[in-house]
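Below, subunit A partners subunit B and then partners subunit C, in two separate complexes.
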Partner chain A sequence: MTEDYRMVKEGKGAEYWRWTESRWTNPDLDWKQGEVVSAGVDVGSVSTQAVVMVDGKLYAYSNMRTGSDSPESANKAIEWAFEGTGLTLDNLKATVGTGYGRVNVPFATKAITEIACHARGANFMYGPTVRTVLDMGGQDCKAIHCDEKGKVKAFLMNDKCAAGTGRGMEVFADLLGVHINDVGEMSLSVEEEPPPVSSTCVVFAKSEASGLLREGWDKEKVLAAYCSAMAHRIVDLLERIGVEKEFAITGGIAKNPGVVKRLAKELNIEPLPTDMDTQIAGAMGGALFARALYLKKMKKK
Partner chain B sequence: MAKYKTEPLRLWNKAKELRLKFYENYAKAHEKGGLRWAGGAWTLDAIPRGLGDDVWSITSEPYAASIAFNKKFSLRCLEATERAGYARDLCSYMRNYWGSIILDEYAFPEFSKKWPKPDFIFQDHICCSHSKWYQVVCDLEPGVPMFSVDVGCAPAMKADGETFKYVPMPQHAIDYVVGQCLDGIDFLVKVTGREYNDELLRKAIYNHMRSTALWAKVCELQKTIPAPLEEKTLYSLYVLGVLAKASQWCADFYEELLADVEDRVDRGIAAIAEERARLISDTQPPWGFLKVFRYLEEFGCISIGSLYTFGLVGQWELKEDGTWGAKTFPASVDDLPKDREGMLAEYIKFEINKPEWQHFYHPALKSAMMIKIARDWKLDGVMLHYNRGCEGLTIGIAENRLALQKAGFPVMTFEGNMGDEREFDEARTMARIDAFMETLSLNKIEV
Partner chain C sequence: MIEMFKEWYDARHEYAKEWKKKTGGKVLGYFCTYVPEEIVYAAGVLPVRILGSHEPQNVTEPHIFAMFCPFCRDVLAQGLQGRYDYLDGIMIAQSCLHVRQAYTSWDLHIPSEFSYYLPMPHHVQSKRAVPFTRAEFEIFKTRLEEWTAKKITDDDLRRGIETVNRDRQMMKQVYELRKADEVPLTGLEAMQMVVSSQMTDKTEHARVVEDALKELKGRTIGRPTGTRLMLLGSENDDVEFIGMVESLDATIVQDDHCTGTRYFWDEVENGGDPMDAIAARYVKRTPCPTKDWPERKRIGRILSFAKEWDVAGAIIIQQKFCDPHEIDIPAIRKALEDAGLKVLFLELDVTVPVGQFKIRTEAFLEMLAEDDLF
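Up next, the complex of A and B:
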């Protein structure tokens, strides 16, 4: 349990929206034995991830909140991913920066959009059968069609609105005083599904939720109404591009069962399961692109 | 070394001068005893030309686009209309225009500090906002007489999936519009106290035919690889036809332009040196952010035009070989009827099948025309502007996206507003372009 989460649980007043940061190293790999160490750094509006791959295998990653300074966030993320491994930037053959802050990754070889990186990362994470990727990010939401190699064929992004995004969910967690990690499960505990909140703007949805609380709705019911609205809005985006099987979800909201289960029910399609952290898909795609870039460069020589 | 040779358009400065002269003439018309009139860019503008050569129009939409390009003034205009109680989700051209009246400021202060009030309004109706636009203007400028022509009489096309064909305009539809034009001339005579000169009308109708067909010929040349012009330049050229297609100077300019562009094609002069992929866009662009077109060029991608630039001014027809080309027009003004009703009938028959009027009837017509352009102009993709500022031209655009995709063309959409910069998100639009370029396998060209 992280410090933030513990403080919330113990009622010590931490901020409810602060989702759990994490890092991981593959105990079965030794990067010194590998030939190509590549990295991807996804500087998103809400979170930053760094993924290190050794010869195309996942070696280490970090997943943390983005600060106000994109280069600093990128540096912190890669340093945390390196922690305890002995790796330094000098050991990276190539790095791809992605996410909205992709051009601000100081040590990147190249910047590639998060749409391409999420498709490539989902291909690695879920396998080559994936044809539709839904990236539910902090600030926007993208529906992506890709081929068996994870190459983007078409994409659609959400309208200029925070509803249906991670930031919107964070606002609701704070409003209701429910830790963001618990929002999804809590929303599923209602006996009867309430109507979704009608506002698509997160600011207005927040006002609407305040009204519902004043009317006597309990937190679970309000969360169910918001998760349902978010799921419906995402389904609308997906249906505009069409859902081709197999279907996979990446990004932070993929960890929210309150949205994912409602979305699957409305679509009548079960998303593919994964044991990996769905938030690292973009950085993972970046690391794979970085490896390919390096190999291409070597081939030219 | 650059892939293609480029050079500036020879007539660039002349186009800019003509546009400014247009706004100067409108502002200063009264100084020389002339008349000013207001009306939209779709108005049958040959008709007021029968009042004399000293009658100048403001042409509302491009005037509002000029305001939109000046972000500071535009914001003041938009906020002025909002303070006056008009809703923010209305046509943004209309709101910029109203704002200029409310503030009593002209967008070209070098010619007039104050808004030059028109002597009369001569408008037509193809979209709902066109109808309401001048109703409100009449509230804002009491006493300015207005006449409107309803041109929504019948579609000139039928679409069958990816193809379309022209259908003859029913006689009753032509009679319906011509009848209103005849009434319109009576109105003009009454409110101006001037005599009406049918020979000037005849000449204007002929110039209209010349301008619109010549512009289509220029757009036809965009089929060339590399394209001789890019869309940002096309906007600066098509606007002259939008402003005054029935004028002698506009028709003459387009004749000169056609020769110039033909010369560029003959010499292999490209609009951009590294043309690697070709797109079209659609509907009015976000005028305050034309840099999106320059950004495309960083990837070697060119927008070679749009149904909007091709078809708002250009007049087209399907040729026997199946190509879509410039409409045939009479060899001389003497080939037009001499009687008023007869010449008006020829004018309406010529004008009413303009491409940009067709999708007001059904989006399938627009989809078929866009697919035709996509195939014949050898495109790699399409970039659609979900323009919150214009209901008329944005209606059906999501259906156009589906049709283009079904026909095999990659499509990118972006949201914005042609005349209200508050609804355009530059960073996100550029991010979408980055992703779209990646799907087209285009990297930024290293300088």
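Up next, the complex of A and C:
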């Protein structure tokens, strides 16, 4: 349990929106035995991930909140991913920067869009049968069609407004005083599904939710109404491009069963399961591209 | 010479004011490319197209319905802000409701000595469209004669045709050069060439294009052409947007825009009765979607352009709320995709959200790229 989470649990007034940061090292791999160590760094609007791969296998990653400075967030993320491994930047053969801050990753070999990286990462995470990837990020939402190699065939992004994205969920967690990690499960505990809030615009939805609370709705019901509105909005986006099987979800909202279960029900398609952290898909795709870039360069020599 | 187009584009108002001072002639601002410039040239009047400036503004809200397109709003703003105060007259040829609203509102708030609404027919595919248009053009000619107090003869009309045709022919030659593997000019430069021809005296413009042609024969754009793209949509003179696309190892090599080929590609067949010929040209030109019905004739040309200019993908940029174009997009997208071309669709407002468009454009270009990272 992280410090933030514990503070919330113990009622010590931490901020409810602060989702849990994490890092991980693969205990079964030794990077020193590998040939190509590559990295992907996904500097998103809300979160930053660094993934280190050894010969195309997941070796280590970190997942943390993005600060106000993109290069610094990238540096912090890679340092945290390196923690305890003995790795330094010098050991990386190639790095791909992706995400909103993709051009601000100081040690990157190349910048590639998060659209390409999420498709590639989802292909690795969920296998080659994935044809539709839904990335639900902090400030935008992307529906991507890809082939068996994880190459993008078509994509669609939400326009102009961050409604129905991670940041909106954070605002709601704060408003209701429910830790963001618990929002999904809580929203599913309602006996009867309430109608969705009429707007997913964060500002309008927030005032609507305040009104519902005043009317005597409990938190669970308000969360259910918001998660359901978010699921609706995402289904709208997905239907514009069409959902081809298999279907997989990446990004932070993939961890929110309140949205995912409602989404699956509306689409009548069960998303593929994974035991990996869905937030690292973009950085993972980046690390795989970085490896391919390095091998391509070697071949040319 | 090619820099001249950008200079004219940037200093459109100074050019027109200077022209007036030099010639003592009248300048007529127009709102749509269905205006028969040949007749305006025959009258010795300089036609200039009124375009927006792509800046945020706060003057049009009381005058234009909220769900009309950003372009018509931007155009009207130019008038309300006094940027076209040198115009002696304004006119429109019927195309869409939104830009007509900009025209009528302009007419209401900014009085000028000449204002003309030309009812260009929508059903250009009707066999009665040419005689109808001809009759309307005759009425327009008479009104111009009254305004300038000068008779317009058939010879004047023929000269008008020659002037406009000459510029068209020159620009088409420049477009031909864009078929090369390594193009000699960027899409932005080509756009500025075409749009500046809507803002300057075509005799002078054609001369500069002719000189530029010589210069272009040995020119490069200083980088590889990269991914060859085609740009489709209504009017697009969004410098920032085109510049952004062309900063990503891609070049726009062909277009279907009324600030591009739709404006100038089709010539008037000079020879017979000049008014018949002019009317036939505007009826048969590559149509704007407001008139491309029931058959969608534009698609055939888009496809042949895509093939001849060897484009890898097309970007459709859409003015928000432009219903005529919106209706066409599914059909155009399908035709392009059936021909094996990828399509990126973006919706424009007065100002471009460059960051948001950039990520989409980059991802689109990655999609078009080779498979070597897989």
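Here, the second predicted complex is superposed on the first by the 301 of 301 C-alpha atoms of A that agree within 3 Å, B and C clash if a C-alpha of one lies under 4 Å from a C-alpha of the other, contacts with A are read in each partner's own complex, and residues count from 1 in each chain.
Everything below uses one rule, namely that contacts are C-beta pairs under 8 Å (C-beta built on N, C-alpha and C of every residue); 3 or more make two chains touch, one makes a residue touch a chain.
This structure is a prediction, so every number in the text was calculated from the model and none was measured.
Peer 1: Examine A:289 and indicate which partner it touches, taking first as subunit B and second as subunit C; both and neither are also allowed.
Peer 2: second
Peer 1: Under the stated touch criterion, which partner chain does A:214 make contact with: subunit B (first), subunit C (second), both, or neither?
Peer 2: A:214 contacts neither subunit B nor subunit C.
Peer 1: What's your read, subunit B or subunit C touching more residues of subunit A?
Peer 2: After superposing on chain A, more of subunit A is contacted by C.
Peer 1: Report for A:116: first if it touches subunit B alone, second if subunit C alone, otherwise both or neither.
Peer 2: Both partners.
Peer 1: Touching A:300, do we find subunit B (first), subunit C (second), both, or neither?
Peer 2: A:300: touches no partner chain.
Peer 1: Between subunit B and subunit C, whom does A:149 touch in the aligned arrangement: first, second, both, or neither?
Peer 2: second
Peer 1: Of the residues on subunit A, which ones does subunit B touch that subunit C also touches?
Peer 2: Common to the two interfaces on subunit A: residues 112-113, 115-116, 152-155, 157, 159-160.
Peer 1: Can you check the complex and tell me which residues of subunit C touch subunit A?
Peer 2: 342, 347, 353, 356, 359-360, 362-363, 366-367, 371-374
Peer 1: Please output the residues of subunit A touching subunit B within their complex, sorted ascending.
Peer 2: Listed in rising order, the residues of subunit A that touch subunit B are 100, 112-113, 115-116, 140, 152-157, 159-160, 240.
Peer 1: Tell me, which parts of subunit A touch subunit C in their complex?
Peer 2: For this pair, the touching residues of subunit A are 112-116, 120, 149-155, 157, 159-160, 289, 292-293, 296.
Peer 1: Help me check something: in the complex, which residues belonging to subunit B touch subunit A?
Peer 2: 398, 405, 410-411, 413, 415, 423, 425, 427-428, 431-432, 434-435, 438-439
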